[in-house]
Amino acid sequence: QKLQVAVAANAQFVAKMLVKEFKKETGIKADLIVGASGKLTTQIEQGAPFDIFLSADTKYPDELYAKKLTLNKPKIYAYGSLVMWSKKNISVAKGIRSLTNPAIQKIAVANPTLAPYGEATMQALKATGLATTLQPKLVFGESIAQVNEYLLSGNVDVAFTAKSVVLDMTQKNKGNWKEVDARLYKPIAQGVAILKNSTGKNLVHAQRFYKFLFSREARSIFTIYGYKF
Amino acid sequence: MLTDYQPLWLTLKLALITTVCLLAIGIPVAAILAQSKSKFKPFAEAIISLPLVLPPSVLGFYLLLAFSPNYGLGKILEATFNLRLVFSFTGLVISSIIYSLPFMVHPVQAGLEALPGSLRDASHTLGKSDITTFFRVLLPNIKPALLSGIVLTFAHTLGEFGLVLMIGGNIPGVTRVASIAIYDEVEALNFNTAHVYAAILLVVSFSILLTVYLTNKRLFKQVVA
Amino acid sequence: MLTDYQPLWLTLKLALITTVCLLAIGIPVAAILAQSKSKFKPFAEAIISLPLVLPPSVLGFYLLLAFSPNYGLGKILEATFNLRLVFSFTGLVISSIIYSLPFMVHPVQAGLEALPGSLRDASHTLGKSDITTFFRVLLPNIKPALLSGIVLTFAHTLGEFGLVLMIGGNIPGVTRVASIAIYDEVEALNFNTAHVYAAILLVVSFSILLTVYLTNKRLFKQVVA
Amino acid sequence: MIKISVRKKLHLAHGSSMLSVDAELPAQAFTALYGPSGAGKTTLLKIIAGLLQPEEGIIEVNGETWLNTHRKINMPIQKRSIGFVFQDFALFPNMTVRENLLYALPNRKQTDVIESLLTKVHLKNLANRKPDTLSSGQKQRVALIRALMRKPQLLLLDEPLSALDDAMRQHLQQELTSFYQEYGMNVLIVSHHLPEIIKLSNQVLQLEGGQLIKAGTPDMLFNLEQNPDQLQLIGEVLSVDEQQVKLWVEHSMISIPLSDNTALWKAGDKVTIACHTRDLRFKKLS
Amino acid sequence: MIKISVRKKLHLAHGSSMLSVDAELPAQAFTALYGPSGAGKTTLLKIIAGLLQPEEGIIEVNGETWLNTHRKINMPIQKRSIGFVFQDFALFPNMTVRENLLYALPNRKQTDVIESLLTKVHLKNLANRKPDTLSSGQKQRVALIRALMRKPQLLLLDEPLSALDDAMRQHLQQELTSFYQEYGMNVLIVSHHLPEIIKLSNQVLQLEGGQLIKAGTPDMLFNLEQNPDQLQLIGEVLSVDEQQVKLWVEHSMISIPLSDNTALWKAGDKVTIACHTRDLRFKKLS
């Protein structure tokens, strides 16, 4: 059976590359299950048959560790960055302040109770003091992934998403983006853990993938996608 | 823990508005289908039944594109009426109407088709127009079917989930309906809140259905006895 | 772009198995309800219709609790049979059966109730048992209703989304059915793949429905002419 | 005067056939439509009412053209001055008896018509009942007076008296005759009860397999005036022995002594039996 | 011998009433059930068949107890040796005529019974047709022979001949009589056609408002005398005017002068007509 990798939505594109590279190196195939970190955590608690979990923060893997659902203490594999991504004709060059522009009608944010990137977005908005002003413009996606979808289908004008997403996407020339001032939100430390569910061959594979995540090859891929260490 | 009842009220509002709109739309559609002998009737019936079998994610995907201000319809709406349907209550109402259409049309059409043809004929031989015949003879005689249609539409809209998940945007007070709230609370592991919402929806849905089945029996008995 | 057809096959498999199981379960249930005069009948009917109106997230929530290896039923199943229903294909089949139950029971029950009572009586006066009467007289005379039941069940299972999202997860080859794959591809921004899946489901669903409506008309004509 | 000339394809049990009727009925005729099941009687009535369309046809009633397929005239049902009593009565279940009648009344103010007709058919007490709570005889009477509300030029009745017990049947026959005379209208009634036809109608149309095979007065059609002093029957010889001949006549057996006349008879022979009415003895059945 | 004693609550139009019948019928009786619409005829037939349950009752057929509510005996419908011809025929639409008969046959090998009965009712050509393509007369004949497949001790017929044209009615009357004699069974037939009852039955039960108001032979009930020197017929009064009475007797009309005897007659009355055989004139048909 293929390795089952539960991955936070912000990392879905980088994870795809990682899995490809991992297969090239080891011949081990892996499936990605993408979702909001909180949703994946809930599913793991319900007994979802995942082998390894790449979260968007450390809170969720720690919670699983506390409930003895992981094999190891979660470890940070990368730090992510929050960006603002906008449609072609809308500028976000002035950062969060540019959101007061009346041309911006809808702003997509990941669900702060399920997605760490959503939580970070709300922190940034509050820190700027624009949270209440912008409130009527906000729409919430299940995860970063739905936020991306809302922007790409043209239904919102600005989306708060992960840098890895825009780096993947802007190659295809899709709109403008601007990094959110890193001082406005708590650093997004992304943790990984091998899960109790993983047994036999899959556990061996999970352990190899876990190790691979901290390898030089993996790190260079993470770097391409804008992650820091 | 304090429960936020707004999603429940919103759901109720959505179900009510959808049902009223579908009464106005569904009854004429059912009436036309019931008396149609056209060879295109099966096509029309298949299209109307589509929401019954199509995944909400398919419908949601198409609506997302259709309503998007980037393309076609959505663009026109935004340009002319400054109306954006995704992430708006109006959008939910429109998609609920599409989604619940078969739940209104089917029972009413079946009711009309089950009426003996001689009732319509008799009214015609008494010199009455199609409209008079429909409102004074046909419609009053399919009350149980009409009731079924209303109740099924209402209850089914209470239960709408997939579509709202895709085009709603989870905006409290605007598109965060009860079914979405439950999903959210479950995913956030707030099982207690989820329990409250789920229990309320379960009780409401069950009560509505039970009323229909008990009433239908009674209505039926009235006709027979 | 290369399309992964596995979700479509998985969906087909789920729909087929569910339909076969529901034939075995739904027909007896419909038969019992059709001839019941019990005062509990409306309760049974309301319970069976519940999946029609209940949000998939409510049903999903309760199934999640029931199936979860952390509590009651799920714990027992895991302990005694080492069977885990959440995030498994078997779990999907069971929840699909619950979810599509009214789609099989309703048409078959309606078909049986619409048969003139004298057919059953006549068979009894000819010395035939209930079972013989049911399989040789009643069932063959509700072919259109039976066909509707089969097709609606099949098509409705094709379209299952909310439930799978909640208790199936998104595990390739196990629970990643087409409706979920569409949702996923849309979120992965692979709109093209989503288009392919959606178009296939749309065409399949529409063809099935159209066949039913065309066939029902033909079957009906056969009876009348 | 009513002129009917219609052609319509029928799907009969033995393949398709043609309903083909050409008839002229005098003004204020009480016409019976007679013929075996499936002959096309109901179809003809519905064509006249406008409920079915013939492929080809002309229908003229009292000088007004209701249908002329050549001249593309097809008067809407609502405009045709008809009253139709359906085989299943077709009372509106949602309305009481009085509401059914009120619905049919063209001028809603003339409710005294309703009251007088209700009284005439002894339904005054039931005026506020819903149709489903009425006996079939009562339903039939409501259907009949409802059809009269418009004072139609043509009353179409589809087997309105079949499957009723004799008392009820006779009561309705009388009422029908009196309405016919009082309103001076045309009546077209489907019936396969010969005595009823003879009693009620002054014109008969006989249909068979969609074809009009006979038309005329009941006297002409059923040879009634042939020999009213003679009773004519047909019997079958059951047995012949030394003393007597046993005959089967209309489901009873009689025996007669041998004679010259009967000498050559043998079992199975068919025999006509005649009797002068003065030799008959009558007794009313209670 | 058949013993019936049942009580069942009926929901009549005018409120609820009681079906209350106590009767004993001799072995191999051909019994007619007679009475106005809503009297409870169909209900009684269904109780005997076991399709309806009375609140209280005893039914014994040829010494076998089918129902005894006191002794809590209630033989299942399937075990009762009955043939039931329903008002709506109840042929199985999914089976051809032959398949309908085959389904009813207890021993699937004796298919020669089917062929001989099909021949007897002139349906051999239609054996492979589905019921929906048959005329109502043909359907009725299939229903009748299907009910005979089990060679039942009791044949129950619910208005099997109403709403049929005369020719078809008489044909089926003859067939019914011959089956009755050939099979030596009991027959219980619902009919409101008096001549038919007198022609066919040797026992009559008259129901009204759920009550058995008269029982006996037709001779007794309708004051007929049986006499081989007498030809007995039943006629219907067509009209009464100043000079004469017109009567409809067996497909022809006769008229007789007014007399004291006929003074109180009115149209629709049923009349027995008797004639001594010496007054009959016979002529062999060639």
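Per-chain residue numbering starts at 1, and chain names A, B, C, D and E are given in the order in which the chains are listed.
Here is the rule we go by: a contact is a pair of C-beta atoms (placed from the backbone, for glycine too) under 8 Å apart; a residue touches a chain by one contact, two chains touch by 3 or more.
Please read all numbers here as calculations on a predicted model, not as lab measurements.
Considering every other chain in turn, the ones in contact with both chain A and chain D prove to be B.
For chain E, the chain with the farthest CA centroid is A. For this pair, chain A with chain E, the centres built from the Cα atoms lie 85 Å apart. Each chain gets a centre from the mean of its Cα atoms; for chain D and chain E, those two points are 24 Å apart. In whole angstrom, the spacing between the mean C-alpha positions of chain B and chain E is 54.
Work out the mean CA point of chain C and of chain D, and you get 54 Å between them. Residues of chain A in contact with at least two other chains: 45, 149, 153. For chain B, the set of residues touching two or more other chains reads 64, 165, 186, 225. Within chain E, the positions touching two or more other chains are listed as 133. Each chain pair that touches appears in this list: A-B, A-C, B-C, B-D, C-E, D-E. Taken in their complex, chain C has these residues touching chain E: 116, 118-119, 121-129, 136-137, 140-141, 223-225.
Residues 41-43, 45-47, 49-50, 52-58, 60-62, 64-65, 152, 155-156, 158-162, 165-166, 178-180, 182-183, 186, 194, 197-198, 201-202, 205-206, 208-210, 212-214, 217 of chain C touch chain B in their complex. Residues of chain C that touch chain A in their complex: 64, 68-70, 74, 84, 86-87, 169-173, 184, 186-189, 191. By the touch criterion given at the top, residues 36, 38-39, 41-42, 45, 87, 105-106, 108, 111, 113-114, 138-142, 149-150, 153-156 of chain A touch chain B in their complex. Contact residues of chain D toward chain B in the complex are 49-51, 77-80, 82-84, 86, 88, 90-94, 103-104, 106, 132-133, 146-147, 149-150.
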